[in-house]
């Protein structure tokens, strides 16, 4: 059995994310967003990051507000249930942050190109749109077989892909379930892959279902145990979406000053995971817990 | 609940596969090969089929020997544990059957192109090889971003994709597990998708694990209940590979005459599924059954 | 359950947003494959699904396909009830493949700025050179507008939003008119209508311009013209938008019990 | 378990096929990512994994990744014991992505016809115009030969198989020599050696020609030359291929108890 890849959140982030790294995170779009990892990036004052994702709900806005971001490669940056995200708006309007404008399809093809080890992927989207003006990764090409005009989408290779999952073993073999978004391609494309897991389980648990492995251990550099690490986003099998947090964040992020207060309370002054969960509070956690359990029918992987 | 899509094998094949159809089958390469469906194609004397696959073990050889095939688009046609397949050799050497020479990668990209709705996919394989001489679906192109020489692989859209799975509901929602091969892209690319299932289960069973659905019911035209329908290939969770059948087939297929005898016994004179299984025999079936069961750890899909 | 619905349905007041959602829902035919966008379209699909289009299939960009309504109220497509007993949980790319193949019948998108050819801007008010307001961006909207067989735009009717020419095309409509989509290489589709809080505009099949075809109850043509930034053409026959019926209102209250989206 | 192995190992006879598999296994370094081909390479990987390369990762084209040996004997990669407790069961395309990214260290392939630059033919003896024998085709071989960091060819040493120029390049070697792979656009790699039943040829780093570097016990240089269809060059120093040791033989017997592949 190879050596354990289990790290604390602090160690994993400080070791594998550098200032200037290109980081993919929030790849399931609305579910399983690695908020705990994102907050650690802010706490460690990482700088000049490039953020990669389609839609990562409010996590990108928090990282921008935290001063970590030089560039965003994304399809949508906002607050899914309230609309605009204010740190992002301010950063782009002030010219402090660069944006490469994607659609969900162009972003998934950028990552899939890298996952497949080719420099681009063809698509039929965005033709005639102005995405071509604010995304140098898009060019029109002619299909060598049909003569059709297509969009060529250049590969994006994240230095680090961080995903939140339900369970993993110490070697980084991870089970993830729910909607997948662009998670598979983001993991395959990432040079380093960091797994944040609700639960660390014996290898046997993971091995009992190799189809549910989102990325195998040999492609993973670190595993971090962070229960409720996806909060306030929903994590299938673990907890529901904490809508109130997103509504509160909308209000808090309206001005740099109120965002600073929010950040002090929810990130800077948070000592550890236990402290974070105390701030969320037991009542709220109870409300978010899964009420109607639905266990998957087993599949037999015997021989 | 939409109407049932459950058909007998006879009905499903006669209704959805026409003479001249392009049919993808054997997409997991060595496991879950839909032999029962292939034998029905032979029994119904389908003609001028185009077969699509990477490696489909001996099923393609049987269909060629059955006189069903005008063209093969494949990476490898043989008998996995014995080597050459003789009907295929004879058909190509005599010029009776056309072949488009793929590699596993070019075939998976052909189907993925169709699955994604684009006319081609780029790859880095086969450059300098003679696959370009015997496959008009390959052309070299220049990457518009890097200037690299790449292989463009044109899309293949099967008229019908037939897959063997462990369980499905009557609406065609199917669970499949084990190695996937090119199954996902073949299903997404197929105009019609036929599911052959070891077991027909209540919809609730499938709904308990939407991540294990290989192709959703709305993309499926027919479901067929065929226990042991993958025999002699292995079906994870159901039965092991029947090596002796493959060795016997090697011998039987050496001459057209001995193949005709084999075909009479194993296909033409087989009345129904029960008759087929009687010919396999209870002893052999017992030997092939799963001995060491390993049930997947459950995932909670509740809310 | 049934009796509760009947009781609620007696209250036949409705909000402008409920009217918009109802108008959108009625555009979904039974058995259609619907690519469901964020926010109001979520409700529109639930409404159609639970009334006249029980066999419609809902496709959600983050990797969900549903053929039943979510069992509980949801504020967004990623809410766990929307994953519960889904027909399929998969990769975004697989669903984008359905779109590119031309298997999606209809898609719904919102916008911040629309022009007379149905081009949508959700990226940059003021354009990229002189950014006045940065909006969230495309998400899947550009893909839906590019690739669905038809798409429907839902937005608030204000002069600053209904402009002659959008500052930035996030989601292509008919560009500069007839033939533009074919010319740029888009394989199909186009915006068939814009549903607003005042009325409904539909794309004229000849000119591809968005023309007024329906006015909501209590709204005047003048009001709509005053809130439109281009010289709005009128359809030969302009209808009055039908109001939500009692069943529709009951369903809307069931799916949005707090009125988060429709109050 | 240990004692059983020791007992079996006392029988130190070996077959030529066991020698070939052992020579192949020894080329796998610990922790390498190995793309395991059909037939003999299956055994080679199992042998390496259970001896000197316990942390090697095995990648199988049909969608399997293993970091432990299969728990039972297998005749082919699709046998259920090879899926049992795999590290990953997935799409072929994902593994092809690993290959194209350059993450696969070494791959093994068999062949029917090889030439002095290590090009392989497993498709058409006689070429496509005048087909003499149709062979099964590429499978994944062309991909492994195109994209692994290095690949190793395993085949029977006969004059009709070792030809100056293959009739058809199924799996590219070094084409017509130095610089060819770069010229046609292959991103890396090339055949580093050919392991036969008589000896071992390795690619000369200057000319890219396959030259004789090792002779199996009991075989003469003359025999090898006589069975090679081109004027075989000799390495400056030709070694004697080391025979399988007792542990290796014990493992081979464990993984191929019936001698299906190695007798």
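Letters are used for the chains, namely A, B, C and D, taken in the order the chains are written, and counting of residues starts over at 1 for each.
Assume a residue touches a chain if its C-beta (ideal position, glycine included) is under 8 Å from a C-beta of that chain, and two chains touch if they have at least 3 such contacts.
This structure is a prediction, so every number in the text was calculated from the model and none was measured.
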Practice task
Return the chain whose centre of C-alpha atoms lies at maximal distance from the corresponding centre of chain D.
Solution key: C
Handout entry: Gap in Å, rounded to a whole number, between the CA centres of chain B and chain A
Key = 36
Problem - Gap in Å, rounded to a whole number, between the CA centres of chain D and chain A - result: 40
Practice task
For chain C and chain D, let me know how many angstrom lie between their CA-based centres, rounded off.
Solution key: 58
Practice task
Return the residues of chain C touching two or more other chains; collapse runs of consecutive numbers into ranges.
Solution key: 79-80, 83-85, 89-90, 93, 96, 99-100, 147
Completion exercise
Residues of chain A that touch at least two other chains are 116-118, 123-124, 148, 150, 177-178, 180, 184, 208, 211, 236, 240, 290, 292, 294, 301-303
Handout entry: Pairs of chains in contact (touch as defined earlier), listed by label
Key = A-B, A-C, A-D, B-C, B-D
Fill in the blank from the handout: Within their complex, chain C touches chain B through residues 33, 55, 57, 65, 67, 71-72, 79-81, 83-90, 93-94, 96-102, 147
Exercise for the section: Could you please specify the touching residues of chain B with respect to chain C in the complex? Expected result: 2, 114-118, 173, 184, 188, 204, 207-208, 210-211, 213, 216-218, 301-303
Problem - Interfacial residue positions of chain D with respect to chain B in the complex - result: 38-39, 60-64, 75-80, 83-85, 89-93, 96, 99-100, 123-124, 128, 131-143, 146-147, 168-172, 175, 180-181, 184-187, 260
Problem - Touching residues on chain A, where the partner in the complex is chain B - result: 116-124, 137, 139, 141, 143-146, 148, 150, 152, 154, 166, 175, 177-178, 180, 201, 205-206, 208-209, 211-212, 236-238, 240, 290-303
Handout entry: Contact set on chain A toward chain C in their complex
Key = 28-31, 54-55, 74-78, 80-81, 83-85, 88-89, 92-93, 99, 101-105, 108-109, 112, 123-131, 133-134, 140, 148-150, 177-185, 233-234, 236, 240-241, 243, 290, 292, 294
